[in-house]
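Have a look at these structures, which come just after this line.
Here come two complexes built around subunit A, the first alongside subunit B, the second alongside subunit C.
Let's turn to the complex of A and B:
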C-alpha cells in the first residue's frame, strides 16, 4: 500500500469536490447575475407625470379605446388625447378621486398638456400605420397592447440605457418573441407576425 | 392577405418618363427633392462630388459649333432599374428590390458605407453622407416627418418619394378605397413647372406614364448595360438618343 493512496482515502468528500463546488457556485452566481440581476439594470425608470386609470374609463364610464385614441380624418392615428379632449368630460371633477382633482387643477385649469412618456415611440426610420393593422388587418387593440386598457395604473416608462428605446408596454403581447420580459420591441416582433400571416414585406413597407 | 410575391410583377410597378424637350433646366425638381427628403444644406467644403444630390440636372450638349449647337438638360436620379447593379454588390443587404412596387430601396441604417453601390451604379445616382447633416438653427422645424434623416457614413438615393406612397395608402385605407394616381406623386414631379415629368404605375394601362412609356421617342439611358431602368426619357432629337446610348462624356456641372 503506497503512502499516496492512503492519504487520498482520508480526505473528506467535501474537500475532494471543493474545486468542483466552487466552480459551480461561481457559474450559478454568474448566470444569476447575467440573467436576473443585470437585465433590469439596463433600463432607467421614470414615473409618468400623472397616473391614469384605464379600467375606470373602460368599465364604469363604458368607453372604447377609439373614444380617446381615434383616427384623424386623413387616416393617421391621433395617439394620445389632448388636455382639451379630456376636459370635454373633466371640466369639473366627476368623481371624488384626488388624482382627478389634481389633474384638473394642474392641467385642465392651467391649459397645460400632459407630457406623457410614450412607451410605443418608434425609431425615426420605422413607419407604422394603425389603419393598416386595425382597419385593413382587423387586429384588435389587445393583440399588440395586451391588457393595457384594463389596468388601473400606468407603468413607469423604462428606457434601455444604451439604445434609448423604451420597454414594450404590451409586455408579452408586444414583445412576443422576446425571451426576457425586460426586452424592448424589436424588428423581429413585427416581422414574425407578418410572416405568420403570410405577409412577407419588403423593407420599404415599414421603413422610411 | 396576399401571399409572398417574388417577381417584379407585383401589385405595382412604378415608373417615370421625363421629356427632355420640355425640361428647361430650372432645377426646381432638385430643390423640391432636397427639401422633401431632408437633405441638409451642404457644408462649405462640399463640392460636386461629395455633396448630397439625389436628383441632379446636368446639361448635355451635342458638341457642335453654332449654328448646329444643341443642348438639353437631363434630370438624372436613381433609374430604379429592374436589374439594379447596386443591389447585387451590397454586402449588407442594404439595397433591396421591392417586389411589390419595383422601387429599389436603400436602407441607410443597414449601410456600412463601403460605397460599392456608388461604384456599381452607371448613372452616378447615389450619394454618400460624408458629414453628419446639420441644419441652420430653426430650420429643423421644416424637416419632413415622413422620412428619416441619414447620418454620416451611409449611402442614399432616390426611392420615388416612397414615404408619400405610405401616406397616400394610409388615407386610402382609412376611406376604404384604392390609392388614386394623383395622390402618390414624387416631389420632383409636383415641382416641375413645365410638366416634363410623368410618374405612375406601369402595371396600370390607364396611367399617364404607361401611355407614354413605350412612345416612339422614348428611350432609356445606357440601355446596352441591361440594367432595365424604369425611368425613361423622351426627345425628338436624334443626337440625344445617340448620346444616351453611349453615355454622357461631359462633366456634370450643375449641383444642388
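Let's turn to the complex of A and C:
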C-alpha cells in the first residue's frame, strides 16, 4: 500500500512519458540523420577541371545546345565539344575573366582536352541513343537535362561511394523521385517517360 | 530524473523505426546490389570512338550476318544484320554474346599438357614441346591419324587434308551433325551422285519438319519466320516436345519420342496409296517399293508414334507433289542429329513429292577451291562410322562446329594409348579430355571464313578480327606447318601457309568461277561475274557481305535414279539402296524401350549450352531467367507423369540411363510428352556453371544422343 502511494507521488509527468519521448527522439533523430545527413555521405564530390557558364553562352552569345553538342554527319551524337571547337571562338580571351584566361592558357594553347567528368554518362550495362530520342523522338534537351543550359556554374561531380555510379544516373532513388535537379537520367526516369509516351521499353532495349 | 533501461530501449526502438522510414537501409541495399554487378575483375571496355561494322557470326554453320558496335575498335554489342539474305535481322542468343567470348573465364592462353593420374589437370607448356610430342605420337602410332573438322567447308579443311595426305592411314572426321543433315542424306539416296544439294527456300511453300529446329537454330530461321509471317510458307512440325519451332508452327503434331521414322514412313505410304507421287520419282522397282511401305498403316503409325489417322491424313492431303514441298529432319545442335535411317526415311518424302529440281536443287561445285584440297587423297568420314579403338592420334577442332560431340562417342573411337589434341580457345568440353590443348583464336579476334549450312545454298561470309588475338594464340595452319617439318612431310602446295592467304586463294577461285551473287547490306546485290577482281570480292565480304551460289532454275539434269538393284561401280561410293533399313525400323519400333528403362530422356539445347562451343555466361543467365531453355539438372516432366509416378517436385530424383545417372530436381512441364524427361545438355568445365555432366550423352548404339532410355527413382 505504501509502495504504490510512493510511486504515485514521486514520478513527474515528464518521467511518466519519458519512454514515449525517448522513442520519439530516436525516431526523429534517425529520420533526420537518414534524410538529411546520410545522403551526402554516400557521395564523394570532385570539382570539374574548370568552371563553365552555360548561361552566358546560351543567353548573351545566343548559342543553342547543338552548337557545342552536335550530331555528327553520320547521325551519331558527338557529346562534349573538343578544345579545338572551343578555340574557334576562344583562341584569345573574350573579356577579362580569370577563369577564361586559365582555360586558354592551360588547354587551348597547350592543345589539351578538358577531362570533363560527365554527369549523365550511363554505366556500361546501359545503352542510350541520343539519335533515337532527339532526332526521332523529338525530345528537347531540357526534358532530360533540366535547366543545365541556364546554369552559371557547373556543380561538382558526385559519385556513389558503393556503386561507383554518377549521382545524376544513380540518383538517390529513395522515395521514388530524384532529390537533386541533376538526378535526371535514372532508369525510373526513362521508364516513366517511355510509359508516358506509350513507348515499349523491353529490358534489352537499353541493357544490350 | 533517472533514465531507465526501458527508456533506452525505447530510444533505440524509435531509432530503428526511424531508420526503416529513412533512405539508409534501402539506399545501402540498392547501391550494394549495383556494386555486386560491377566486380573489380569484370573487364570494362575502354572508352573510345563509337563505330558500327558488319561481320559474320562464326559460332555455327548458320553464319548469320551481324552488326557489331565497337567502342575504340572493341566489340561491345552484336545484333542481327537487317538486310542479310536468308536471315533478315534474326540472331540467336548465343550470337548476341559472341563478342564476349574472348573474355571467357576458361580462355586458354598457352599450350597445355595433361599431367597427373588420379586427379588429372593441365600444366603450361611450350608450343615446341607440343609439336614434338604430337609429332612423336604420329610417328609411333599404329592407328589412324585423324583430324576432327567440326566445321567442314572452311579453307582450313583443305589444309587439314593436305597435311594428312602425306601419310598413310589417315582421314578427316566430321561430326554427325554435318553428315546427317537433311541434304547430305538425300544426296546419298541416289545411285548416281547428284552433287551437293540445297533447299531453295525462295520457292518452298510448305515445310514438313521432323523435330528440326527450323525457327530456332537451323540454317535460316529468320527467313522461315518471315515467309511464314507473310503467309507464303506453311510449317507442319512433327516433334515430341513443344519446342519454340513447334510453338510457332502452323501445326504442331506431337509424336512419341524417337518415332520420326514411323511418321515419315506412314506419310509416304499415304502418298503412294493416294497416287500423289511425283512423276519424277524414278524408283525402278516401284512394286517392291510399295510393298516395303505397305506395313506402315495409319493404325501402326498411331501405335508407334501416337499420331491418329485423321491428323496424318490431314497433313498428307496438304502435301501435293508440286515440287514446292520439302521435308527436313536435321536435329538439335546440342541434342544431336537423327539416326541415319530416320533422316533417310524423311528424305524419301522429298523424292516422292518431286522436290528434286524445285524445292531442292543441285549446286555447282567450285573448281580449285582450297577448301577441297586433297579431297581425292584423304577420306572424309562420319565420326560415328570409324571402328572403335582405331584412332591413334586425333586433332580435334570443334571451336566453330556449332554442334555437340559427346566425349563418350569420341572416347570409344580412340585407341587405348591414343593421343587427343584439342585446338580450342576455351578449356571446356572435349578439351578437358585431351592430352594436349592448343590455344586458338576466339571469335572476333582473327578473320575466319564462315561457310553456310549444309542444307542451304552454298554461301560464304567472313568473320572479322576486331581485336588482336595475342601472341599466345596458335594459327592451326602454323601448327600443321610445324608438325609437317617435324615429320618431314612435303607440302603439296595446293594451299597456302597461312589462313589469310588461303582465304585469298578461295576468293580467287570464287571470282574465277563467276558463280552466284554478293549481297552487301544497304546495297543492290552484285553478280559475281560483274565484280572486277578478287580483291573487290574480299572488300565486299569484309564489309559484311555474303556470297551465295546461284541455284539451277530448272530441274536437275541428273534426276534421282534410285534403284534397289542398281550396280555400283567400283569407284563410286556405295549408296544405300531403297527401301533401306526398313527391317531395322520395324525391329526397333516394335521393341520399345530397352533394359527396363521405361522413360525417355530427351536432351536438347539447355541453359548452359546450346551447341558445342563455349557460351557467354551472361546469356545463360538470360535463358535461365526467361525459362526458355531447360537446365541440365532439372528434369522437366509432364504433370500427368509427375502424378502417375508420384514424383514430388520438392525432392531430389535420380535419373538413370544405361550409361550413368544424374540427380535432378523435377519440374512439371505440360509441353513435355508423358513418359519423357526433358533436360538441357550441359558442358563440361571447371567453373560452377559447368559442373560436369555425369550422364553419358550417348545412346547405346554410339551414334545418337538426343534420346536416351531412362528411369527415375528417388535419390
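The rule is short, and it goes like this: the second predicted complex is superposed on the first by the 183 of 208 C-alpha atoms of A that agree within 3 Å, B and C clash if a C-alpha of one lies under 4 Å from a C-alpha of the other, contacts with A are read in each partner's own complex, and residues count from 1 in each chain.
In the analysis below, a residue touches a chain if its C-beta (ideal position, glycine included) is under 8 Å from a C-beta of that chain, and two chains touch if they have at least 3 such contacts.
From a predicted model like this one, the values you see are computed outputs, not experimental measurements.
With subunit A as the common reference, the superposed partners subunit B and subunit C clash.
Touch criterion met: A:127 reaches subunit B and subunit C at once. Within the superposed three-chain model, A:71 lies in touch with subunit B and out of touch with subunit C [touch as defined at top].
Residue contacts after overlaying the shared chain place A:14 against subunit C, while subunit B stays out of touching range.
By the touch criterion stated above, A:23 is placed in contact with subunit C alone, subunit B being left untouched. Of the two partners, subunit B and subunit C, it is C that touches more residues of subunit A.
Look at A:42: by the touch rule set out above, it reaches subunit C but stays clear of subunit B.
By the touch criterion stated above, A:33 is placed in contact with subunit C alone, subunit B being left untouched. Counting contacts as defined above, subunit A residues 76, 124-125, 127, 208 meet subunit B in one complex and subunit C in the other.
Note for the complex: subunit A touches subunit C at residues 12, 14-15, 18-20, 22-31, 33-35, 38-39, 42, 76, 123-125, 127, 160, 162-165, 170, 172-175, 208. Looking at the complex, you find that subunit A touches subunit B at residues 71, 73-76, 124-125, 127, 129, 131-132, 135-136, 197-200, 202-205, 207-208. Across the complex, subunit A is touched by residues 1-5, 96, 98-101, 103, 105, 107-109, 146-149, 159, 162-163, 166, 169-176 of subunit B. Of all residues in subunit C, those touching subunit A in their complex are 1, 3-4, 6-8, 10-19, 21-24, 26-28, 30-32, 34-35, 37-38, 44-45, 50, 77, 79.
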